[in-house]
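Lettered A, B, C, D, E and F in written order, each chain numbered from 1.
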Amino acid sequence: MSIAPADGPALFIINPNSTAAVTRGIDAAMAPLRMAGGPAIECLSLQSGPPGIQTQQDVDSVAPQLVALARSLRPRAAAFVIACYSDPGLHAVREAVDVPVLGIMESGVLTALTLGQRFGVIAILPGSIPRHLRAYGAMGVQARLAGELAIGLNVTELAQYERTLARMTEVGRRLRDEHGADVIVMGCAGMAAYRDPLQQALGLPVVEPSQAAAAMAIGRIKMNWHGA
Amino acid sequence: MSIAPADGPALFIINPNSTAAVTRGIDAAMAPLRMAGGPAIECLSLQSGPPGIQTQQDVDSVAPQLVALARSLRPRAAAFVIACYSDPGLHAVREAVDVPVLGIMESGVLTALTLGQRFGVIAILPGSIPRHLRAYGAMGVQARLAGELAIGLNVTELAQYERTLARMTEVGRRLRDEHGADVIVMGCAGMAAYRDPLQQALGLPVVEPSQAAAAMAIGRIKMNWHGA
Amino acid sequence: MSIAPADGPALFIINPNSTAAVTRGIDAAMAPLRMAGGPAIECLSLQSGPPGIQTQQDVDSVAPQLVALARSLRPRAAAFVIACYSDPGLHAVREAVDVPVLGIMESGVLTALTLGQRFGVIAILPGSIPRHLRAYGAMGVQARLAGELAIGLNVTELAQYERTLARMTEVGRRLRDEHGADVIVMGCAGMAAYRDPLQQALGLPVVEPSQAAAAMAIGRIKMNWHGA
Amino acid sequence: MSIAPADGPALFIINPNSTAAVTRGIDAAMAPLRMAGGPAIECLSLQSGPPGIQTQQDVDSVAPQLVALARSLRPRAAAFVIACYSDPGLHAVREAVDVPVLGIMESGVLTALTLGQRFGVIAILPGSIPRHLRAYGAMGVQARLAGELAIGLNVTELAQYERTLARMTEVGRRLRDEHGADVIVMGCAGMAAYRDPLQQALGLPVVEPSQAAAAMAIGRIKMNWHGA
Amino acid sequence: MSIAPADGPALFIINPNSTAAVTRGIDAAMAPLRMAGGPAIECLSLQSGPPGIQTQQDVDSVAPQLVALARSLRPRAAAFVIACYSDPGLHAVREAVDVPVLGIMESGVLTALTLGQRFGVIAILPGSIPRHLRAYGAMGVQARLAGELAIGLNVTELAQYERTLARMTEVGRRLRDEHGADVIVMGCAGMAAYRDPLQQALGLPVVEPSQAAAAMAIGRIKMNWHGA
Amino acid sequence: MSIAPADGPALFIINPNSTAAVTRGIDAAMAPLRMAGGPAIECLSLQSGPPGIQTQQDVDSVAPQLVALARSLRPRAAAFVIACYSDPGLHAVREAVDVPVLGIMESGVLTALTLGQRFGVIAILPGSIPRHLRAYGAMGVQARLAGELAIGLNVTELAQYERTLARMTEVGRRLRDEHGADVIVMGCAGMAAYRDPLQQALGLPVVEPSQAAAAMAIGRIKMNWHGA
C-alpha cells in the first residue's frame, strides 16, 4: 500500500472505530499522498472501538485505547493522524508520544481557513453538532464558522451512494446559500469518494478531513515539530 | 452526613480521583448546603481513578468510569456533580443519565460571572492551563477570563497549608493586579479550607468550585432540568 | 406562601413592574423551590413601576426604585432576584446590598449554558432584542447565542393562552431549525405556565428564567457569596 | 459661547453631573469645533445630578433625568452628546428624541478604532472599570481593547494638575508598554487640558472623548441620521 | 462646489476608480456637509484606477497609487477619505500623510454601530463579501455584524435605478427579517441617491458610507487627530 | 537545489523583498522538505521589491508585483508560498492563479494552533505589530493569541547572530512568562537558523513560518486544493 520504504517510520492513520470499510475508504483516499521520499502511510482500525463514533461516550471511551495503541506503535511511527471528526483522544495522544499528532477535525478546519473565509460543515448526525461546536470553541475559530448542518441519514441509508450524495449536496447548498459558507468541510471520515462530485455540485472548495490531516502530516514529519 | 431523609434521591458529588482526603475535603465543604427539604449530599471517590487528575490522559481515562458509576448510582440519584476542575466526562455523563449533571469548572466559572466582570483562575499545575483554556473556549466565556496562573506546588508541598495559602495568595494578587481579575475561581477540588482566608487576603470574591456546583445543583434538582 | 420559617431572612423575588398578575405567576412558579430548610421565597411587585418593562426608558426608570426597595428590604433579605428579563438595576442593586443579587436574564442564560451548546431566546417584543443583545455582549456569552426572536404579540393577545403558546412554539421551532438552538430561554418573567408544553412541543430543554434565578439563589444564600 | 447663529438648533453637550467646573472644562474643549456654518454648541450640567458619576447607582439614577432634560431641550436641539464616560442613559435618550444622540465613551472608543489597532483607557477610579468593560462587551469591541487602568486619585488629588498628569502619564505608559496599546482614550469628561501633554509624553494618539463625540456630532447633525 | 474658502486646506474624497459618474455621485452626496467654516470638500477620481474595484487585485493595485496621490495633494489637504467600500490603501495612506485619513467602510460601520445593535451590509457583488468579512475581522466588530448579502447585479443592470432599488430593498429585507439587522450599511460608494427610499422601504436607519466618512472627517479636521 | 525532477511543476517560495541573503536563508531552511517524490522547491526574490518589507506601504506596493510574478511562473508552478510575515498580496495571488497559495503568517499561525493553546509571536519591528494584529483579526484567531512583542533591532544589529538570538530569547521568555504563550511563532522570514536554539532556550515549540508554509504546501500540492 506504500511506495515508501516499508522499514522507515510510518504515518499512522488510526480510525477509532472498528468498521473496516471506513478504514478502507480512508486508505484509498491516501493514494495521492503516497510519494517517494515521503512516509509510508498505514491505515488501521481501532479493533476494540465501537462500530461508529456517534456519542460523547463513544468519543471518551476510545481515547484511552488510542493512547495505548499510539504508544505501542511509537517505535515505528513518524506521526499519527486520528481519523474521526470528533478528534477523540487528540490531546491525550499528543501528551503520550513525541511525534506529530494531528486530528482530522482540527486539520480539516485549519485547511479550510486557507480556502475560504467562512467554512460550513456537513455532519452525519445532528447529535454530533454540539460536540463539534465545543471543539470549534476550544480551537477559537468560531468567527470563521458559517454553520454546521447534518444530513441525518442512518447507517442503512449511508450505504446508498446516490442518496447520501444528494443529501450532502442539499445540505451543502443550504450552508452556501443561507449561511454564507464559501468552503465546505466534510464532517466525517472515510467519505472521500463524495468529495469531487460534491465540490462540482456546489462550486465551492470541499475539504476531506482525513486527506487534509495526512497532507499536513507529511511536511510535519519532515520537520518533526510536535508539542509538549 | 445528611439531615435530609436518607432514603430520598441524593445529590452525588463524585471525586474522579481515588484520594480519600480530597473527597473528605469536598464533603466537609458541603456542610452549609445540607438543609431540611434539600437533597442528601453524598461524596464519593472514584475508586478506580488515579490519585490525582493531572494530565489529559488522566481526564480521558476516568470518563468512561464516571459514566459507569453514574449509571450504577442513577436509581438513587437526584443529580450528579463531577468534582474535578477538568470536568472529566461531563458531557458523556449528561448523555448517560436523565438527571441534572454539573461540572465544577463549569459551575465555578458560571458562578464567578455573577460576582465580577473578569475572573481569574488559580491552577495547581501549569500543565493544566492549556486544557482549562480549551474548556473556556468551548464554553464561550473567554472574553470574561482575566487569566489563569498556576501555583506550581508538588504534592508534598500542597500538604503544607501555610505554604499553599501563601502561594495562592501570591498568584491571586498577580491575577488581580496584573491581569485585572475582580473575582477568583479556585481551579481545583477539595481546597475549600483556603477559600475564606484567600478571599480576605485578596479583597475579592473567591469561588470554591465544588461548593458552586453543589449550590447550583440543589435548585436544579427541584426543577429537574437536564439536557438531551 | 412559604413553608420555611416566616421569621428567617427571605429570598425576595422583585417584579419590577406593577402588574400583580405577573407577580402571581412568578409566585406560583416558585412552588417547587420552597423547601423546609430553604429560604422563604417572597414575590413582590415594584408598586411604583410601569405596568410592563418594554423600553430602555422603562428599564432605566425602575433601577433607582429597585435600589431603594432592596435597601429597605435588606434587614429581612437573604438574597434578591430581579424578575424582569432586562435585568434592570442589577449591577446597581449589587452595589447597594451585601447579599447575593441575581437577575433572571443572567441566571436564565447561565443555566441554559449547562443544558445545551447554543441557546435561543423567545422574546415578547422585537424592540427588546437589541437591548438583550447588548446584555449578552456585556456578559460575553454571544458565542453561545443561536438567536433571539420575538413572538410579537400585544398585551391583549398575550392574555390568550393558546395563541401565546402557539406563537412561542412557532418561534421556538424557528430557533431550533433555522438558528440551531438546542436549548431555549423564555425571555420574559411570569410565563412559567408555558414552560412544560413548550418543552414538550420543541423536544428541547426550556429554561424559565425566574425559576432559574431562584434555583441558583437558594444555594447561593447558603454560601452567601456576593460581589463588591 | 458660539459663533453660529444663536437661534438655530444647537448641539447640546450634557454633563450628567452637577459640577460646574467639569462643564466649563468641556465647554472650553469645544472651542476648535465651533465654526460659522456648524451648530451652536451648548454645554450644560444636569443640575439634579450628583457631583460626580462614580457608581452604577449614579449612572442609573441620572438616566431618567437625562431623558427628561433631553425631551425638554428637544425643540431647540440638533443633537445631544452625553458627556460622562459611562454613557448614562444613552440608549434611553436615543429612544426619547428623534435627533442624533452620542455618548462620549462610545464616540471616544469608535474614534480610537481609527487611530490605532489596540486602545488603552485611562480611568479615574478602579471601581469604574468593570462597568466600562460591560459597555465594551455590549459594543462588541473587546478584541480591540488593550486594557483599562485607573489612576486612582481622589477628588482632592485630581485638583492638582501636575500630579494628575504624572499619574495619567504613568498609567498611559503601562498601557503602552505592558498592554500593547497604540492609542489612548481618556476615560473621563472635562480633562481636555491634559490631552496634548499626555500625547506628547506617550508618543501615541490620545482621544479626549467629549471632543470625539462633539466632532462626530457635527457631521451627523448635517445628515440627521439617528436610530429608532 | 464649496462655500468654504477655496484657499484653505480641503477634505479630499478620493474615488479609487476612474469612473467619473461615481465621483459625481459622491460629490452630489456631499452637499449637506458643505458649510461655512467647514473644509472645502473636493471629490476626485483616481485617473489611473480601474473602472471599478471588484477584486482583491483591484484593491491591491490601487493602493500604491492612492499613496502617491495623497502625498501629492498633502500640501492642500486637511484630511482624506478613501471612497471605496474595500478601503483600499487605507493603512498605507495613513502612514504616508500626517492628517486624518478615513475609509468609507470603516466609517460606515462605525457610524452604524451608533444607530443599531446589529448591522447588515448590502454588497454589490458576492465575490466582495469574503474580502469585507476579513476587514470586519481586522476591525474586531464581527460580533455586531448581522450579515452581508449581495444584490448581484452587473454593471448594465446597476444603471437601472428602479431595478437596483428593488434588489437593494429585497436584500435589505432579508438582512432585517432573516439576519436580524436593525441598521443597514450600503456596501458601495456613489449610491447615495438610493439611501432615502431604501430607508423608507426598510424602516431601518441606512448608512451611506461616503457621507458617513465625510461627516466624521469634518470634526476630525478641526481636532487634527491622526495616527502614527 | 532539488532532488525532485527539475522538469515537474515546482513549489515556488517567493521572498517579496529583494535581499538575496534572506532568500538564501529561506532556501537553506527548505532542505528537510525536499524529497524524491515531492515537488521541486524553488526560492526566488522579488527583484523589484524593497530591501525589506517594513511598512504597510511596502506590503501594498509589492502585492501587484507578486501577482504578476505568480502569473508568469504559473506554467511551471505546483503551488506558491509568499514568504514574508505580512502575507503581502496573499488573497490577490489566490485570485490570480489556480494552484494552492499559502502565506507564511497564515501557515505559521495555523501550524502553531496544533502545537500549543496560546501562540506568542516574536516580531522584528514594533511598527509591524498593529498590521499583524489586523491579520489575526481577519483570520479570526485572536482568541488563541497570547501576544506579540518586537525585538526592536535595526538591520545592522540583526546581522549579529548572538545578539539577535539573545533578544529573541528574551522576548520569547516574556511571551511565555508574562503572556502565557505555550508555542512561539517567529514573525519573520529567513531566520530559520535561530529556530533550534530558540526552542531549546524556551522549552516551547517554535514555528519557523517559511518551513511551516512549505510543509503545508507539499501535501496540498498532491491534493491540488485551492480556493476560488
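Following the convention adopted for this analysis, a residue touches a chain if its C-beta (ideal position, glycine included) is under 8 Å from a C-beta of that chain, and two chains touch if they have at least 3 such contacts.
Listed by chain with UniProt protein names: A, B, C, D, E, F = Asp/Glu/hydantoin racemase.
Please read these numbers as outputs of a predicted model, since none were measured by experiment.
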| item | value |
| --- | --- |
| Each chain counted as touching chain B (Asp/Glu/hydantoin racemase) and chain E (Asp/Glu/hydantoin racemase) at once | A, C, D, F |
| Partner chains shared by chain A (Asp/Glu/hydantoin racemase) and chain D (Asp/Glu/hydantoin racemase) (touch criterion as defined above) | B, C, E, F |
| Degree value of the rotation bringing chain A (Asp/Glu/hydantoin racemase) onto chain E (Asp/Glu/hydantoin racemase), based on Cα positions, nearest 5 | 120 |
| Option reproducing the contacts of A-C, where over half of them reappear, out of D-E, A-E or C-D | A-E |
| Shared interface numbering between chain F (Asp/Glu/hydantoin racemase) and chain B (Asp/Glu/hydantoin racemase) [over half = same, under half = different] | different |
| Centroid comparison with chain A (Asp/Glu/hydantoin racemase) (C-alpha atoms), farthest chain | D |
| Comparison of C-E and C-D (more C-beta pairs in contact) | C-D |
| Separation of chain A (Asp/Glu/hydantoin racemase) from chain B (Asp/Glu/hydantoin racemase), taking each centre as the mean of its C-alpha atoms, in whole Å | 33 |
| Centroid spacing, where centroids are CA-atom means, of chain B (Asp/Glu/hydantoin racemase) and chain C (Asp/Glu/hydantoin racemase) in whole angstrom | 26 |
| Distance from chain D (Asp/Glu/hydantoin racemase) to chain B (Asp/Glu/hydantoin racemase) - Cα centre to Cα centre, in angstrom | 42 |
| Where chain E (Asp/Glu/hydantoin racemase) touches two or more other chains, by residue | 116, 134, 137, 139-140, 142-143 |
| Touch-based graph of the chains, sorted into line, ring, star, complete or other | other |
| Interchain contacts (touch definition) - all pairs | A-B, A-C, A-E, A-F, B-C, B-D, B-F, C-D, C-E, D-E, D-F, E-F |
| Contacting residues of chain D (Asp/Glu/hydantoin racemase) [partner chain E (Asp/Glu/hydantoin racemase), same complex] | 3, 32-33, 35-38, 102, 106-107, 110-111, 113-116, 139-144, 183, 205, 207, 211-212, 214-220, 222-223, 225-227 |
| Complex contact set, residues of chain B (Asp/Glu/hydantoin racemase) against chain A (Asp/Glu/hydantoin racemase) | 55-57, 59-61, 63-64, 67, 89, 91-92, 94-96, 131, 134-135, 137-140, 142 |
| Chain D (Asp/Glu/hydantoin racemase) residues touching chain F (Asp/Glu/hydantoin racemase) - in the complex, by the definition given at the top | 116-118, 143, 178, 180, 182 |
| Residues on chain E (Asp/Glu/hydantoin racemase) engaged by chain A (Asp/Glu/hydantoin racemase) in the complex (per definition of touch) | 129-130, 133-134, 137, 142, 147-148 |
